[in-house]
């Protein structure tokens, strides 16, 4: 019936009668006025503090400004994609260890996964920034950022992959074993490929967390977008406008990634596994 | 530096740092839950501008990086003559971000209920308020237990942002860089802080799973 | 109040008393689709009316408009002489007097079977809890699921769940019951356990509107069969007459198409 296809938030309310309709109209008017007032209040704040002055916004019409921000964005993407790729591999390895039939192995990997899911990426970044060099290991700022981010992501990805493996019907494994495949081959040829298909939308949405994690790049002096924004600020003395513009760019990028994940999920008929994807540091 | 030496010198500070992390986590989580509730009410209200505002709020704050928001709070807001102290900025940042995810959890909790149960409740003559009280809210809350547990852990991890502002006393992540600037750190100072986080996350996970097992709705 | 002891046969006589359900000139559109086209229908007290027709004919929609789960564009629906209110307390009060049984049971997933049945009486009728539970247990015994009272819906079979749903409606002491394809989501072996409960209800004199594909049930229990197609009532008659001598071509085609069953 048509009722099953409407969303729950619509289903909470029934088709309004005349009184309810009037109330909704009044509510809509009040809410609209309040909303406009809110926007106006924020704009007023900007205005009375002089933040609308052209000097704070003019340099955004210059190509060099955008060029600089985009080169920082490129740095962001490089770190994010590298960290994401490493996390994919580590995630699979951790997951395989976690589902191992050997109790000792699975316990160890369980601890490893829980550890990386349970510590902030910032702490690991400090570890790579402060401790690793103290042991005489030279590492570029790129890797000081990419490695800790990939470690935190791999803990989450391991759990995502595990959910994917669990989603593969048991009959698949039994059928493969019955035609004489070895356990290892079953995992490689039958289960993993299907599990990966299940979790692709979740992997994409996990990229949002990785992108967010890269924003502390200034800790290790890696030139990502936020770090480059700081340089712009010292050049143009336009702190408020720059930080707001950069925040909006980040929001749009992450929004796009999320939409892509939803799109892929819809097309493949899978759903986004959101377990702990909300680690927003 | 050995563990014993580390703990005899900084043990008290670690204890304090753990308490600061916990305190900021609890305060932020409570604030986030309250705000998430308000945002969710707006998102399911029949008033279109409120719905759109709620959806917009969630998209903005689930996608903004925490650091970016913290920087705006610490550096940009004073230029707009809105001045918050450092800890308040960390908490505001965490609350804003976490409430967006909290609202998503509530929404998916509501979505698991299904239109049919609402119609059935209507058919036996329950009022809108009664339907919310007896059918929608209890089910949404119960199916949100696990996601909200994960959110609590995420909130704790987000409070590590406090290491980016001078906080006295520092929390677990800030303390590590504090120690490192004073003595030759090595792995241990990190490990102690990491155990503080991971241990807390572990405990939260256990409690959350227990509660979930008790209240989970069979479908 | 009309005479409670009125029998189904007497009730079927035109104009005997106020009809329990009365629809006049009811119209409804889904966009371009005319789902209900000038529906005029009245159901007398104690009458069992079975709505049949091909899928998409509007019979479910018609059933759902009676307690305003679906709105109508124009026309009028009266329940026991009172126009169906559009909203608020009055609508809720009227719904409490009309039971509804859905295809997909729709039991409250977080409540026990007993709580499912007592919720309406306690919250809407303000029946004391002990009394509501006593009555609920009696109803559950009647539909044969008393032993399951403390389980939750997901632990019951589909047939059991549907019988609980019937008990939940009965607990409100409804003036009439609406059944929207109550057996369509059930495995074949469970259909009869639900139909048996419905037959019993009919024999006790409950006013019923039933949307169903179970032709044997219609023949056995209905006082009147209403055949719908394309949002219109094409023909209505006593079951024997309808099934043996359908007047319209649409009805003949429909009956032929389902004969295999």
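Chains here go by letter, A, B and C, matching the order in which they are written, and residues are numbered from 1 within each.
We take it that a residue touches a chain if its C-beta (ideal position, glycine included) is under 8 Å from a C-beta of that chain, and two chains touch if they have at least 3 such contacts.
All values reported here derive from a predicted model rather than from experimental measurement.
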Chain pair that, of all pairs, has the most C-beta pairs in contact: A-B
Centroid-based (C-alpha) most distant chain relative to chain A: C
Separation of chain A from chain B, taking each centre as the mean of its C-alpha atoms, in whole Å: 16
Inter-centroid spacing, chain C versus chain B (mean Cα positions, whole Å): 48
Multi-chain contact residues (two or more partners), chain C: 69
Chain A: positions in contact with at least two other chains: 3, 14, 16, 20
Per-residue multi-chain contacts in chain B, two or more chains: 113-114, 116, 119, 122
Chain C contact footprint on chain A (complex, rising order): 1-3, 14-20
Residues on chain C engaged by chain A in the complex (per definition of touch): 30, 60-61, 64, 68-71, 85-88, 91
Chain B partner contacts - residues on chain A that touch it in the complex: 3-4, 6-9, 11-14, 16, 20, 24, 27-28, 31-32, 35, 45-46, 49, 51, 114-115, 117-123, 126-127, 130-131, 134, 208, 211-212, 215-216, 226, 239-240, 243-244, 246-247, 250-255, 258, 274-276, 278-281
Residues of chain B defined as touching chain C within the complex: 113-114, 116-117, 119-127, 130, 134-135, 138-139, 142, 217-219
In the complex with chain A, residue positions of chain B that touch it: 43-51, 53, 59-60, 62-69, 71-72, 75-76, 79-82, 97-98, 101, 104, 107, 110-111, 113-116, 118-119, 122, 128, 131-132, 136, 147, 150-151, 153-154, 157-158, 160-161, 163-164, 172-173, 176-177, 180, 184-187, 190, 193-194, 197-202, 205
